[in-house]
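Listed after this line are the structures, all set down as C-alpha cells.
Below are two complexes that have chain A in common, paired first with chain B and then with chain C.
So, the complex of A and B:
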C-alpha cells in the first residue's frame, strides 16, 4: 500500500491530471445535469399542451403556469451549470486529492440534479393538468406547485452544497498532500450525495404532483393538502438527507 | 471575473469575527429602501387612496389572505408582519444586484445581492427556525411540542402505554448499563466542558423519556419511538435546505451572469439575463422562501 501511494505520488503527473479531471468533471456535471431538467420541463410542457386542448379558454393561465413551473424546474440545471463553470474557470492546485474532489464534485452535481429536475417537472405538469380541468383553482394550484417545487429542489440543493465544498476543498489544508484515503473519500462523497439525491428528488416530485392534482380537484382543501404534502415530502426526503450526512462525514471526518 | 467575494474585514482580529463589506453596505441599503417605501406608503393615508397606498394595501391584503388561509383566522394576522417582511427583505436583497454598477469607487463595493452571501440566508433561516419552534411551544405547550416528534402515534389503553414506558426505560437503562464503564471512564477523562455537554445529552435523554411517557399516559396514546429520529432529521433537513435553496439560486444566477457577460464582452445579453435571473428568479425565490417559512409554521402550530 505504501509502495502504491509512493508510486502514485512520484510517477504520476498530477498537474496535468488535475487539469484533465477538471475538464472531465465540468463536462460530466453539465451533461448529466441537463437530463433531469430537460425531461421535467418537457413533461410539464406536454401536460400543459394537453390541458390547453381540453380547455382552450384558459390558454393564458396555462402558459403562465407552465412558464413559472418550467423556470423553477430549471433550478437544478442552473445548479449544474454553476458547478460546471466553477470547475472550468476557477484555478485548481495540482494534487491527487484535488483530482478526487473535482471528479466527486462533477458527479455529485450531475447525478444530484437528475431526480429534482424530473420531480419538479412532474409537479408543474400535474399543476397544468389541474388548471386545465378546473381553471377556477389556478390560484391555489399555483401556490401548491411553487411550494412543492421548492420542496423538490432540496436534494439538488444538498448536491450543490457538497459540490461547492469539494470544488473549494483545495482551501482546506488536508487536500494538499497525497493520500489515497482522502482522494477516495472525496470522490465517494460526491457519488454518495449524487446517487442518493435521485430517488428523493423523484419521490418528492410525485408527492408534489399528487398534491397539485388533489388541490385542482378540490381547491377548498388547499391548506390541508399543502400541510400533508410538506410532511410527506419531508419523510420521503429523509433518505436524501442521510446520504447528505454521510457525504459530510466522508469529507470532514476522514483524515 | 470576480466570482468569490473578498475576505471578511476584521476589526479586532478574533476568530469568526469580521464582516463582508459588500454584504453589509447592501443590507443597509435594502433596509433604508424598505423604510423609505414604508414611510412613503403611510405618509398620507386617506379613504380615497393614492397610487402608493393602493400598492401597499394590495400587497398587505395579498399576504393577509395567504396567512389567513394557511394558519386560520386566529393565528393568521399575528404572523402576517413576519412573513410579509421576510418576503420584502429577501425580494429587495435579490433584485438589488441587478442595479447598474457604474459607481464603484472609494470603498463602495457596488450593488451586490446580500442573499448571494451564504451568511444572510443562514441568518434568515435561523430566525425562521426560532420563530417556528418557539411558536410551536407557545401554542401546543412544551409537552405537546416534544410529543409532536413522536407522531404519528397510536391509540392505546393504559396498559399498552405503561408497557411501552417500561420497555423504553429498561432499554435506556440497559444501554446505560452496557456503556456505563466506558461512559464513566470517558466522563472522568474529559474536561468540565465535555462533562457538562455529555451529562446534558444523557440527562436530556432520560428527562425526555420521562416527560414523553407522562404525557403519553395523560392522553392515552402510545408514542411512536421509531419516528422520533426521523422527525428530528426531517427538521434538520428543512433547516438546511431552506437557506441553501435561496443561496444556490441567487448565487447561481450571479455566477452565470458574471461568466456569460465576461465571455461576450458585456454586449447585448446582460440586461436580459438580469431580467430573468435578477427580477424573475429573485421574485419567485423570495416568494418561495416566505411561503416555506409560513408552511413550516403551519405544520408546527396546527395539530
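So, the complex of A and C:
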C-alpha cells in the first residue's frame, strides 16, 4: 500500500497522463453529453409528428412549439460542447491532481446533461401533444413548457458550474500537487454532481410534461398548474442540490 | 500512507454515494408531481388537497436521498479528513 502511494507520486509520468486525460475527458463530456439532448429532441419531434397526423391544420403551431422546445433541450448539449472545448484547448500544468480534476469535469458535464436533455424533451413532447389535441391552448401550453424546461435545465447548470471550477482549478492555485486524496476528491465531485443530475433532470421533465399535458386539457387552470409544477419540480430538484453541495464540499473542504 | 488510500476511497465513495443516490428520489418525486398536475387538470377545485398529498408522498420519496446525503457527509467528514 505504501509502495503504491509512493509509486503514484514519483514513478508515474503525470505530464503525459495530464494531456491524455484532457483528451479523454473532452471526449467523455461531449460523447455522454450528446445522449440526453439527442434522445430528448427526438422524443419531442416524435410527439410533434404524431400531433400533426391528428391535426394537420395546426402544423404551423406544432412546428414552432417543437423548435422552441428542442432549442431548450439542446442547451445541455451546448454546455457539454463548451466544456469539451475548454478541456481540449485550455493549457494545464501537468500534475497528478489535475488528472483527477479534468476527468471529474468531463464526467460531471457528460452525465450532467443526460437527464436535463431527456427531461426538456419530455416537456416539449407533451406540449406538442397538447397543442395537437387542443390548438387554442398553444399560448398557455408554450408558457408552461418554457417554465418547466427552465427548471429541467438547472441540474445541467449545476454540472456546468462544477465542471468549470474543476477545469479552472489551477487558476485558483488548486490541483498543482500530487496528493491522492485531492485527486480522488476532484474526480468524486465530478461523478457526484454528474450522476446526481440525471434523476432531477428526468424527474422535473416528468413534472413539466405532466403540467403541459394538463394545461392542454384544461387551459383555465394554467396558473394553478404553474404553482403545482413549481412546487413539485422544486422538491424533485432537491437531490440534485444535495449533490451540488457535496461536490462543493469535496472540492473546497478536502485538504 | 495506508491512511491516504483509505481517505481517498472514502472521498470517492462519498461522491458516488450522493450521485447515484440522487437518481431515484428525483425521478420518483417528478412522477408524483406530474400525476398531481394531471389530477389538478381533472379537478381544479381540489388543487390544495392534491398539492398536500403530493408533498407528503414526495417527502417519503425524498427520504432515501437524505440517507445518501447523511452517508456522504459522514464519509467526507468522519473518514475523509483523517
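Just so it is clear, the second predicted complex is superposed on the first by the 249 of 255 C-alpha atoms of A that agree within 3 Å, B and C clash if a C-alpha of one lies under 4 Å from a C-alpha of the other, contacts with A are read in each partner's own complex, and residues count from 1 in each chain.
Simple rule for what comes next: a contact is a pair of C-beta atoms (placed from the backbone, for glycine too) under 8 Å apart; a residue touches a chain by one contact, two chains touch by 3 or more.
Just so we're clear, the structure is a prediction, and the values are computed from it rather than from any experiment.
**Q** After lining both complexes up on chain A, report clash or fit for chain B versus chain C.
**A** On the shared chain A, the partners fit.
**Q** Who contacts more of chain A, chain B or chain C?
**A** Greater contact footprint in residues on chain A: C.
**Q** In the superposed arrangement, does A:90 touch chain B (first), chain C (second), both or neither?
**A** first
**Q** Going by the contact rule set out at the top, does A:242 touch chain B (first), chain C (second), both, or neither?
**A** In the superposition, A:242 contacts both chain B and chain C.
**Q** Taking CA centres after the superposition, what's the angle at chain A between the directions to chain B and chain C, given in steps of 10 degrees?
**A** 80
**Q** Check whether A:112 is in contact with chain B, with chain C, with both or with neither, and answer first, second, both or neither.
**A** Neither chain B nor chain C is touched by A:112.
**Q** So, A:132: does it touch chain B (first), chain C (second), both, or neither?
**A** After superposing on A, A:132 lies clear of both chain B and chain C.
**Q** Does chain B (first) or chain C (second) touch A:221, or do both, or does neither?
**A** second
**Q** Name the contact category of A:231: first (chain B only), second (chain C only), both, or neither.
**A** both
**Q** After the superposition on A, what does A:183 contact: first (chain B), second (chain C), both or neither?
**A** Second partner only, chain C.
**Q** When the two structures are overlaid on chain A, which partner does A:207 contact: first (chain B), second (chain C), both, or neither?
**A** second
**Q** Using only CA atoms and the superposition described at the top, report the least gap between chain B and chain C in Å.
**A** Between chain B and chain C, the shortest C-alpha distance works out to 6 Å.
**Q** Please report the chain A residues shared by its interface with chain B and its interface with chain C.
**A** In chain A, positions 227, 231, 235, 237-238, 240, 242 sit in both the chain B and chain C interfaces.
**Q** Given the complex with chain B, which residues does chain A contribute to the contact?
**A** 68, 71-72, 75, 78-79, 81-82, 85-86, 89-90, 143, 146-147, 149-151, 153-154, 157-158, 160-161, 222-223, 226-227, 230-231, 234-235, 237-238, 240-242, 244
**Q** Mind pulling up the chain B residues that touch chain A in the complex?
**A** That would be residues 1, 3, 66, 69-70, 230, 233-234, 236-238, 240-241, 244-245, 248-249, 251-253, 255-256, 259, 280-281, 284, 287-288, 291-292, 295-296, 298-299, 302 of chain B.
**Q** In the complex of these two chains, what residues of chain A are touching chain C?
**A** Within the complex, chain A touches chain C at residues 1-2, 4-6, 119, 179-181, 183-185, 187-207, 209-211, 213-215, 217-218, 220-221, 224-225, 227-229, 231-233, 235-240, 242-243, 246-247, 249-250, 253-255.
**Q** Provide the residue numbers of chain C that touch chain A in the complex, in ascending order.
**A** Result: residues 1-2, 4-5, 7-9, 11-16, 18-38, 40-42, 44, 47, 50-51, 54-55, 58-59, 62, 65-66, 68-69, 72-73, 76, 80-81 of chain C touch chain A.
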